[in-house]
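Below are the C-alpha cells for one structure; questions will follow.
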Amino acid sequence: MILGRVCGTVVATIEHPFYDGKKQLIVRACLPDGSFDGEKYVIAVDLVGAGVGETVLVEDEGNSARQMMGNLKNAPIRSVIVGIVDQVALG
Amino acid sequence: MILGRVCGTVVATIEHPFYDGKKQLIVRACLPDGSFDGEKYVIAVDLVGAGVGETVLVEDEGNSARQMMGNLKNAPIRSVIVGIVDQVALG
Amino acid sequence: MILGRVCGTVVATIEHPFYDGKKQLIVRACLPDGSFDGEKYVIAVDLVGAGVGETVLVEDEGNSARQMMGNLKNAPIRSVIVGIVDQVALG
Amino acid sequence: MILGRVCGTVVATIEHPFYDGKKQLIVRACLPDGSFDGEKYVIAVDLVGAGVGETVLVEDEGNSARQMMGNLKNAPIRSVIVGIVDQVALG
Amino acid sequence: MILGRVCGTVVATIEHPFYDGKKQLIVRACLPDGSFDGEKYVIAVDLVGAGVGETVLVEDEGNSARQMMGNLKNAPIRSVIVGIVDQVALG
C-alpha cells in the first residue's frame, strides 16, 4: 500500500455494472512525511467515504482490491482507497 | 486506473483470435491537469469507441481487463480503455 | 524481494477483518549497500515483529504475500515484511 | 502492450521444458514515434518469427503471455512478442 | 525477463518452509551491453547455482517463478534466477 491525498474526482461513463454509483477519486501519491511524491497519482475507487484533502491508504493490486469489495471475484478493479489515515508516526 | 489521451493507432498482425477486429490505440498517459505525463504511453484495446484526442480512463491490470471484456477468462489482454472522461474535477 | 528499513508506522482504520490487530509499517527501500533507494517506500504488513531501524526483506507480490500469511487466499494484501536481515554479503 | 524494436538474442540454459527450442529476443522499448524509450528493454519469447531491427508489440503480463502460447497454464513466461507492427498512425 | 549480475547474498530468517535451505542472491539489473542499469536490483532465489559475478536471467513474476520451482502453487516467491547467460548477441 501507499499513502496518498485525495485531490479530486473523475466523471466518466464506464460500461460495466460494477462501476454503477461508485465514486472514482484522484489520489496523488505522498511520501511518509506528507509531501507529494512527484506527480505520481492513481484513480482509485473509494471504499471509505474519503473527501478531498484527506490522507488515505491505497491498495494497488487487483486481487487485493477485489477482496476489499467483499470477495467480489468479478470486479474489474485494481486500485482502492482502503482507509483514511489517522496518524503517520516516523522515527 | 490512469488518465490518458488517445494519440493514434497501431496496425499489427497478432495471431490470436481475441484480437480479430479489435482496435489497438496508442494512449499517452496524462496528469490530472490534462498535461502529458512525460513520454509514458500504453497500447490499449478500445472498448468504448474512443477517438484521437479524447481523454480516457485506462485500466492496466490483466484480470480487470478480462472482466471488462465480459468475464473472458482467456483473453490475452492487460490494458483496456474503459471509459471516455466527461469531467475531471480538482480541488 | 527488496531490502528495506523500517521507518515508522501508519495508523488507519481499514474496514476488513484481515487488518484487525495487524501492524502496518513504513519501510523505505534500501540499496544493497544499506543506503536508501531515493524516496521509494512501501507500507507493509509486519509478519516478524520488526522494529524501527531494522533492515528487512519485503515481498511485494499479492499471491506471495497471501502464502506467507499461511495460504490465506482471501487476504487483501500485497506487501509483507517476511524476514529481518542478519547479513548482506557483497562482492 | 508496448512497442519495441528487436536488438539481439540471449543464449542461456534454462532448465524448464517450456524453454526448449524457444528463441529469447532482446527488445528495446520504443516510443510511438519510433525512438527508443531511454534504456528500457525486456527479454521476450518470440511467437512470430521477428528479426533484429523489426518493430514489434510486446505483451508484458504473465497470464496474457500464457494465453498467447495457446492457453498453456503452466508456462513460466511473462513477456512475449505477439506481433510485428505494420504501421503506427499518429495524429 | 531481465539480465542481471550476481553481486552478493542476503542472510535472513524467513519463517516459511519454502525458504529452508534456499539461497537468496542480490542481482543487479544489467543493460544488454552488460553495464549496470543504474542502481536497480532484485533479491532472487537461485535455481541454477549461480555465483557472484555471473550474468543471469531473472524472471520477475510470481506465477512464472512458481512454475519454475516445479509447479509449486504455494511458493511465496516472485523473483527467480532461471538461467546463467552464455551469450548476448546484439545487432
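Letters A, B, C, D and E name the chains as they come in the text, with residue numbers starting at 1 for each one.
Operating definition for what follows: a residue touches a chain if its C-beta (ideal position, glycine included) is under 8 Å from a C-beta of that chain, and two chains touch if they have at least 3 such contacts.
Since we're looking at a predicted model, the values are computed, not measured.
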Chains touching both chain D and chain E, listed by label: none
Third chains touching both chain C and chain B: A
Inter-chain centre distance, chain B versus chain E - centres from mean C-alpha coordinates, in Å: 32
Chain centre separation (chain A, chain C; CA means) in Å: 20
Residues of chain D engaged with two or more neighbouring chains: 62-63
Cyclic chain order when read starting with chain D and heading to chain E: D, E, C, A, B
Interfacial residue positions of chain C with respect to chain E in the complex: 1-3, 31-32, 37, 47-48, 56-57, 59-65, 67-68, 71, 82-91
Complex contact set, residues of chain B against chain D: 7-16, 18, 24, 26, 28, 39, 41-44, 52, 62-63, 74-79
